[in-house]
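So, here come the structures, one by one.
Shared between the two complexes below is chain A, which has chain B as its partner in the first and chain C in the second.
== the complex of A and B ==
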């Protein structure tokens, strides 16, 4: 099926890294590795970390809550397997370095693989029978967080708030990050589940308008969702093809593209009545509300030129990256960099025992050659002020000015150039001909500034 | 499982682009102008370009050695400085003067500031300004293009000039401003100016070759159209007004555009990213400044040509323009 859908909507700035999605885009979602041991991070989201609710040697069941927090901005964590708590200890974390995790040894016999819930949904799904309170409670209890990468607790996002009434719901199916295809496969294979989740989210947020935004490089996904919607008689849910451009899937960029509205610097989308949910999150919402299943598994794209069997795997959260790589036939000699996430915003991990978290959409393995071709390997020159970083910045900043201020430890200058408005998309580093690690400097600058303002321990 | 994992900040991929590639593009774009120079000034062109390039690169190398810094000649920016300096000096300039000019351009124009990216003024223009100030006579001695029969001077008021030290269209234009007549003679040479068959600096005579190079840079997106457009538009506007005031004293806008260093300045000198503003708004201001000051010097000043000084002047205010044109974030200023 070859359809020609052209997205009209976009945002200023941005860049066009090579997609490389064909490695895994035609590979259906498969069952991930049967794990012997999982490490469930107690902090997989933005907000307060969970406290363990189990002790060492406690038996746990699949779906049992093993960590929770009283904080408003937080999300509980659950065990994906039947088994026994081996220990509660520090484990390597892709974002936080080392962090507390509950390590669970899986029962060797009594662990059937978890099936996805997609077969339980049809186009006739009606969210009417669930009350708002019921949905909110189910989403909180299931530990849902934004699965696109940031990991903001979904319960906080969708909960009715009289001060900030929500009008528009945008479902983010852009997947602008190169290589990753997990959301694309979900949209193709779990279409009805996603739409069920959208209907539930629409009901709980009270939004009148719903837009499902998909980049125009995924015409099949656009068609699939349009078809599924066509039968359901929901005219207030619209599929919006948007231009293929990185970072189209950024929350602020997507709102600009779809609604032509701007979220204030330092503000959040609810301030202009908008909620943005990732497609994987909506699928998880449907599962949590209808099947009462917590978030214990997610689709992870294992990809890159240096992996033997790239594909999309339905994987238990807590599986180590190493285990997943081995499951995919291991890596070839050429491999040089393992990234949790995609190549633009993903985090290079140093330790392959780092577990998958709720926000890990992909494991990308890059080759030596790709790294050699990429920046920061001895081809760095001084900034020639060509202005390419200024042109591509989707937030209209001057990355080179911020980076040089940070380099010289002039935090007030960096702040003057709106250091904190940076969304860390990486476009500036991507295009820089002088190979300056602009995004790296800016990220470092944010940490330095936070320390200076005592928002963070030094 | 495997050793030597690389860990770094994101992004982990990058566009295939380097400073050297950007600079190489500019060198390619200068090729038509160099060929034109070779056509009209023959061996002098080859000698001067080679001298300037070699001495510019050698100076950069020497400066790096003295400063104990890693060698930076690989970024090719010194080559560009050398070529542009060579193209903006008279064909008859002695080799020793070219060497001094290139050395000053690199050493004083670039390296004392800390090398590529740190210089405030366009290095080639610093070198040229030094030569103009030090060897004024040599810098205003012009040669007839080799394609013209030496006994037949192309531009003349009363054919009274010495063919060997032929004046440039702009010096005749200056003459016209002073005597309030003769602008027509210059205007009638517009075809020759477009092709480059007139007296002038090595590479600035052929408008055609410069336009070709400029279009190449625009297609390759090595430069944005803002600065060239602003320079040409403001110069044309200025010239049009003067032309309507007195078309005997002031040459036509087209003659202004195709004569002297305006085109090489608009496409190759003012667009030097290091010394031009970062933002688009800043580029408009910068370009308009260069065009207007050039015309002020040409029409009202004592010198026949003003591209060099106008670029240097605007280079000086670039940090101010950048500060003035600091973009506001897409989401507005944060509430801090």
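== the complex of A and C ==
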């Protein structure tokens, strides 16, 4: 199984949490649950929230736009099913706590499951026949956002900008987060679709060089993409195996690893001429441009030791987490925590009616044993100043100093320690021998700072 | 023998004493000249205003402390009513110092926590293991079923400088004897449950709920939530129903038969008194009277 592909590139810091990817890495992408009702969040991305374009009791078609915004940094949302708008109300949101959502009741008869578009692509795909404007419009209309987790609108990211010319495109297939395998399966099964997406993205961004970065714990994915590329004769697209280390898939960490360039604190990759796209996003780009299909479904990994049938499912966005868990045979007695996302960066979910969004790559169900007794009971001791958090921080911050400042409400001190530069990867909390929730305090600090600076309604 | 020693000591020590005396005198003269030459004119009014303030540096006025507020108010008299703990008394004194007439200000504002759900009344979906602060609990998804109610981790308690707020049985409770009305708690609450209300009476009636969900949902998650049935609104017009929630107009409030009936008719007992001598809120009826809308 293990081949001798070894990644040479990496970044300073980081940790090696147990991967646990074997739970789902061999299970092919399957059709997700047929839903009776979906709740489409109007805010699934960074930027302005959408305004609903439908009213209560309106009939909707699968793929119809149900929310849009005039704002530049935004992405419209679409209905994944044929049905009727039940209500527009506040729903639990995995990241925002609660947010406006359009609840759609699916038609019981007229709802064929959506097939993935991967069969439509071959190695001879040519992006030449699509113009840049056409691609940009298609991506914006399809509501594409970064599907790796951050949810930054893709249209904004790849749109040609004369002020910030782009030179290098990095396709992020690292999937460094433990347990998650959705990107891995996409790379294996939708290889041609990804490469079509890469070609389209290369054309629209005007990048000369393209790197597909994959962690060296996924040799099969590396092989599959190399093979597919070899057939189509692309010399400017390179597959780069990178070291297996968390958070290798972080945008800034990946740029450091692949190009040995640093994006300055508070800056964005286009400032140094780089665009980073997730593989799932790339596949969605191909689907949006070629098939003119909006982003209504995504692959979600349902995993963890406490679930009966872990696997990768092609699921309608808006399906509730509870429904998805039930579809996978339900949770066993041992289950202690349900997380939207992976165990490192994911957010614990208390309400199983929380719908999945465009950025939910996984549902992880952990047992008490995996969380650890000390973490589970919240047993904490004082900081012993061992400096492990400083060693692992991929952004070279001093997490313990920031956490203490936030704890004592010294926001100016926290700011001077670059509180806002934290990428919230969770490495510091993971290694802390005293069990202090460093990332938690830093996240809290960001909210407090936003409140103090009146960037947030009081 | 001893005397001789003393004599010798004096002989050797007096020049040192003289030098010290000389030094002291010269420094004194320098300081005297400096104090006259470099004198900073301080407005005596600022000093007086500072004396009139409570000097507790709570920051309710928006300035760093009482002294900076005194300075600001001396320059800009329109800031007069900003001192919440000092209240009308301090405002009147400052006006006197500045030779100004001030109009009669309204009653002093005190905080009211718009929730009455204690631990037993709430529905909790999952145990929260994160940082015990309301602001982080609020950022997470549905720590408790009610998305509007008191979380009970005490950000307001931490913000209060006067020990006037406590979490009792999972609910923030104001001690009106100690409360100065500085408003720090209202700013700290991430769910905006605490409102500064003009206390025209010793006890104020309030709708102790902020839940805007429909009656059925509220009923299913909280024993003492406002279901927006409108029974209070039918009794007197000081109540209004907005977004499934009864609102009390504190400006218009006075205790009369109608408001008392409205309070007693409330099926969930969410209309309660808050204040210095507020009676214990009544327990909601086990089976509420069918709400007619």
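Methods note: the second predicted complex is superposed on the first by the 451 of 458 C-alpha atoms of A that agree within 3 Å, B and C clash if a C-alpha of one lies under 4 Å from a C-alpha of the other, contacts with A are read in each partner's own complex, and residues count from 1 in each chain.
The rule is simple: a contact is a pair of C-beta atoms (placed from the backbone, for glycine too) under 8 Å apart; a residue touches a chain by one contact, two chains touch by 3 or more.
This one's a predicted model, so the numbers in the text were calculated from it and none came from an experiment.
Enquirer: For A:272, is the partner it touches chain B (first), chain C (second), both, or none of the two (neither)?
Expert: In the superposition, A:272 touches no partner, neither chain B nor chain C.
Enquirer: Once chain A of both complexes is superposed, is A:440 in touch with chain B (first), chain C (second), both, or neither?
Expert: Once the two structures are laid over each other on A, A:440 reaches both partners.
Enquirer: Examine A:430 and indicate which partner it touches, taking first as chain B and second as chain C; both and neither are also allowed.
Expert: Only chain B is touched by A:430; chain C is not.
Enquirer: Regarding the shared-chain residue A:92, is it in contact with chain B (first), chain C (second), both, or neither?
Expert: In the superposition, A:92 contacts chain C only.
Enquirer: Tell me which partner touches more residues of chain A in the superposed arrangement, chain B or chain C.
Expert: Partner touching more chain A residues in the overlay: B.
Enquirer: Would you check which partner chain A:448 touches, where first means chain B only, second means chain C only, and both and neither mean what they say?
Expert: Only chain C is touched by A:448; chain B is not.
Enquirer: Pick one for A:354: touches chain B only (first), chain C only (second), both, or neither.
Expert: Once the two structures are laid over each other on A, A:354 reaches chain C alone.
Enquirer: Where does A:382 make contact in the superposed view: on chain B (first), on chain C (second), on both, or on neither?
Expert: Touch status of A:382: first partner only.
Enquirer: Pick out the shared contact residues on chain A: the ones touching chain B in one complex and chain C in the other.
Expert: On chain A, the residues that contact chain B in one structure and chain C in the other are 347-350, 376, 437, 440, 443.
Enquirer: Going by the contact rule set out above, which residues of chain B touch chain A in the complex?
Expert: Against chain A, chain B makes touches at 1-2, 4-19, 21-22, 72, 75, 77, 114-118, 224, 273-274, 276, 278-279, 326-336.
Enquirer: Which bits of chain C are touching chain A when the two form their complex?
Expert: Answer in residue numbers: 125-126, 128-131, 133, 135-136, 138-143, 145, 147, 158, 187, 190, 192, 213.
Enquirer: Residues of chain A touching chain C in their complex?
Expert: Going by the criterion above, the answer is residues 90, 92-94, 97-98, 347-351, 354, 376, 378, 409, 437, 440-441, 443-444, 447-448, 451, 458.
Enquirer: So in the complex, which bits of chain A are touching chain B?
Expert: So the residues of chain A in touch with chain B come to 12-13, 15, 17-18, 178, 252, 256, 262-267, 322, 325-326, 330-331, 335-339, 341, 343-350, 352, 364, 366, 370-371, 373-376, 379, 381-387, 390, 394-398, 400-401, 415, 417-418, 420-421, 424, 426, 429-435, 437, 439-440, 443.
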